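Sending over a structure as structure tokens; questions will come in a sec.
We call the chains A, B and C, going by the order they appear; numbering starts again at 1 in every chain.
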Amino acid sequence: MFDFLSNYDDPSLLGAFWVTVQLTVFSAVGSLIWGTLLAAMRVSPVPLMRGFGTAYVNIVRNIPLTVIIVFTSLGLADIFGVTMGAPDNFETKYFRLAVLGLVAYTAAFVCEAIRSGINTVPVGQAEAARALGLSFSQVLRLVVLPQAFRSVIGPLANVLIALTKNTTVAATIGVAEAALLMKEMIENEAQTLLIGAVFAFGFVVLTLPTGLFLNWLSKRLAVKR
Amino acid sequence: MTSVLYDAPGPKAKRRNLILSVVFFVLLALLLWWVWTVLDDKGQLEWSLWKPFTTSDAWTTYLLPGLADTLKAAGLAMVIALPLGAVLGIARLSDHRWVRVPAGAVVEFFRAIPVLLLMLFANEFFARSTDVSSADRPLYAVVTGLVLYNASVLAEVVRAGILALPKGQSEAAQAIGLRKSQTMGSILLPQAVTVMLPAIVSQLVVIVKDTALGGVMLGFTELLNSRGTLAANYANVIPSFIVVAVIFIVLNFILTSFASWLEARLRRSKRSTGAVLGADDVDDLNAGEVGGTLGTGAEK
Amino acid sequence: MKLRKVTAASAAVFALALTATACGGGDSGDSGSSSGGGDKIKIGIKYDQPGLGLKEPDGSFSGFDVDVATYVAKELGYEPNQIEWVETKSADRENALSRGDVKLIAATYSITDERKEKVDFAGPYLLAHQDLLVAADSDISEATDLNDKKLCSVTGSTSAQNVKEDFAPDAQLSQRGGYSECLSALQNGQVDALTTDDSILAGYAAQDQYKGKFKLAGLKLSNENYGVGVKKGDTETVNKVNDALEKMVSDGSWQKAVEENFGPANYKNEPAPKIGQIVQ
């Protein structure tokens, strides 16, 4: 019943899911950084930055991810000539473009999670920091954000699980991850359901443990108040 | 606007903020100007590519029917997923193990599978076990996939909302002799839903966006799918994507604006009966869960 | 008080939604079951491939697959206004037939051994080859100079897999969601060629917006035998469709349809294939 799986070795089933994992990890790191910056902008003293942060989050969140990912290839790569440092290696180029698109999209959600984390930090903390004479960036970096992060591990875990599943959209610009292999198999084998089940199982294997681990971690690290 | 994170700006800080604003503005303007010129260079601003969107055919043949399908699927999915999510969320908090555990399993399972695959399985289920006509089946499958996934996420939102309520609420309810179902139905759930409204709305936005997955494999003629047909006719790929993106932004903007209005209304009425959570608590919670649950908004 | 109103309202909405869907199901359930009765025939096509199957701005359908299907349907006793066109995505073709959603599928459906296990094929009605679409001034003419080129095709498609596995494993391959996206990349010089079946390429090259900008390289990189998909075991329909296809070739309608749909762009069609003769 599963014989057909052995016909695929470049990439194999595991290889394709490995690309999914790579996409997830790179995008997670990128969106954590960019999302934190966005959150900092949204609470910053500069009105224009606040405005930009708000506009960015509200626009990006409301566009289907497929559209954003396609834009990285049709817009950034084709029109603006962005090559991500790999003009002659499509595999690298589109992988990086996909990561860029996933970061741009996921960062909006990370930003909102962190902003809410900032809200959970007691007012006294920031006031005490300001009383010590710390500047805005110092207050944020040294006092508020470290506490905020600990309280939003749960929400961030949800973002990560969603990101893992969202990497399947990278198939639309030809990144050879799990969803693309699934498309190839469906095209060749004419047994859509069985193939769908195999890949659904793969995603359960990836996302369930992540969710359970991070839930445990968030309970452990929660700031007890 | 003052914030607890920084002092009210004095003359020096005001000047610095102004300079930062100007620099930021100039950078942003330069970027936009560059985008515009490159688009122009590459001929993407040519009128022939955009002209189709001023003709009625483009709208009546492709975009409007697509939009109608998107709205139909999203609307049905919302109406079914909301109560189902509430039920699942409450079931996870049940005192009975045999209710709590299965509900938890259902929620965790459906959250872990990409929505696209849920739709695929639903489609096959309807084909084999029901006599839904083939014309309606994509809609049924899309709605089912969206409901299974989003009800699971909404269940978590509702659960978090109920757990966040002060313990005194349920204790007081018990003290005046309410049954468990009454406590849940008339004390806890209404408050939890009000508190969690922003998070719930974000999930509704996810439902609207995820309808776009119906066109990938099932041939559900929603907006993004219709865009492909349109672009094949007019050979205007990039403009068509931009137009569809704008439609989605406007659609979701209307949805979120409606929700803020509703929230403001509910808040106001709350005040008269005595708000349970302080305004600050509510904001914390809302924002927290917005990020969290929004994130689970999977595209696939 | 408040809550009761809210719950009542949501219950009402819920009930409404249920009845609405139930009604919808009931209505179309009837029309669905009557498809075998003889007044309508459902045929699966592509909606987004110029020259083969395309939904036009006025809501009508055009293309070679559409013409073939219309002719076949006529021979089976259905007038054009009795045809109900259904969009069948590549991934859903086998299932659409086995479930009985559509009676026939004419949607660039290549006859392969794997597919023959799931569905029966009438035809083939067109022999296509994987080919390249290149800029009008391009000098690509041999399959051998593909390895240092940049190619574009549709994600997961057979053509894309052929490139990777067979004739240009070292070429840079960009896989995209649709051919329109590939054409955009070709137009902007991001790729050197778009590769898939020559019939599909010819359809795009013949579009007004692209006329004169692209040409077919004329390489025969593979053989794609387009067949009409029929439900597994429905030999009667297969035979009828085969007869219709034979007649279409012999009375000249076939050649006319080819010329109308694939017209310009250096497309030299193969002669009409013999029924049942699959070119490997």
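Some observations on this one:
Everything below uses one rule, namely that a residue touches a chain if its C-beta (ideal position, glycine included) is under 8 Å from a C-beta of that chain, and two chains touch if they have at least 3 such contacts.
As the structure is a computational prediction, the values presented were derived from the model and not from experiment.
Viewed as a network of touching protein chains, the structure reduces to a complete graph with every chain in contact with every other. For the interfaces A-C and A-B, the C-beta contact count is higher for A-B.
Between chain A and chain C the centroid-to-centroid distance comes to 35 Å (mean Cα coordinates, whole Å). Centres computed as Cα averages put chain A at a distance of 17 Å from chain B.
The residues of chain B that reach two or more other chains are 42, 124, 217, 237-238, listed in rising order. In chain C, the residues touching two or more other chains are 91-92, 95, 177, 181, 184, 188. Taken residue by residue, chain A touches two or more other chains at 66, 70, 74, 79, 192-193, whereas all remaining positions touch fewer. Residues of chain C touching chain B in their complex: 2-3, 6-7, 10, 13-14, 17, 21, 24-25, 28-29, 31-33, 42, 47-50, 54-59, 86-89, 91-92, 95-96, 99-102, 177-181, 183-184, 188, 207-210. Against chain A, the residues of chain B that register as touching in their complex are 1, 3-7, 9, 13, 17, 20-21, 24-25, 28, 35, 38-39, 42, 44, 108-109, 111-117, 120-121, 124, 202, 205, 209-210, 212, 217, 224, 237-238, 241, 244-245, 248-249, 251-253, 256, 283-284, 286-300. Considering their complex, residues 43, 45-49, 52, 58-59, 61-67, 70-71, 74-75, 79-80, 106, 109-120, 123, 126-127, 130, 135-136, 139-140, 144, 151-152, 154-156, 158-163, 165-166, 168-169, 179, 192-193, 196-197, 199-200, 203-204, 207-208, 211 of chain A touch chain B.
Listed in rising order, the residues of chain C touching chain A in the complex are 90-92, 94-95, 112, 114-115, 117-119, 150, 155-158, 160-161, 164-165, 172-177, 181, 184-185, 188, 190. On the side of chain A, the complex with chain C involves touching residues 10, 66, 70, 73-74, 77-79, 88-91, 94, 171-174, 180, 182-184, 186-193.
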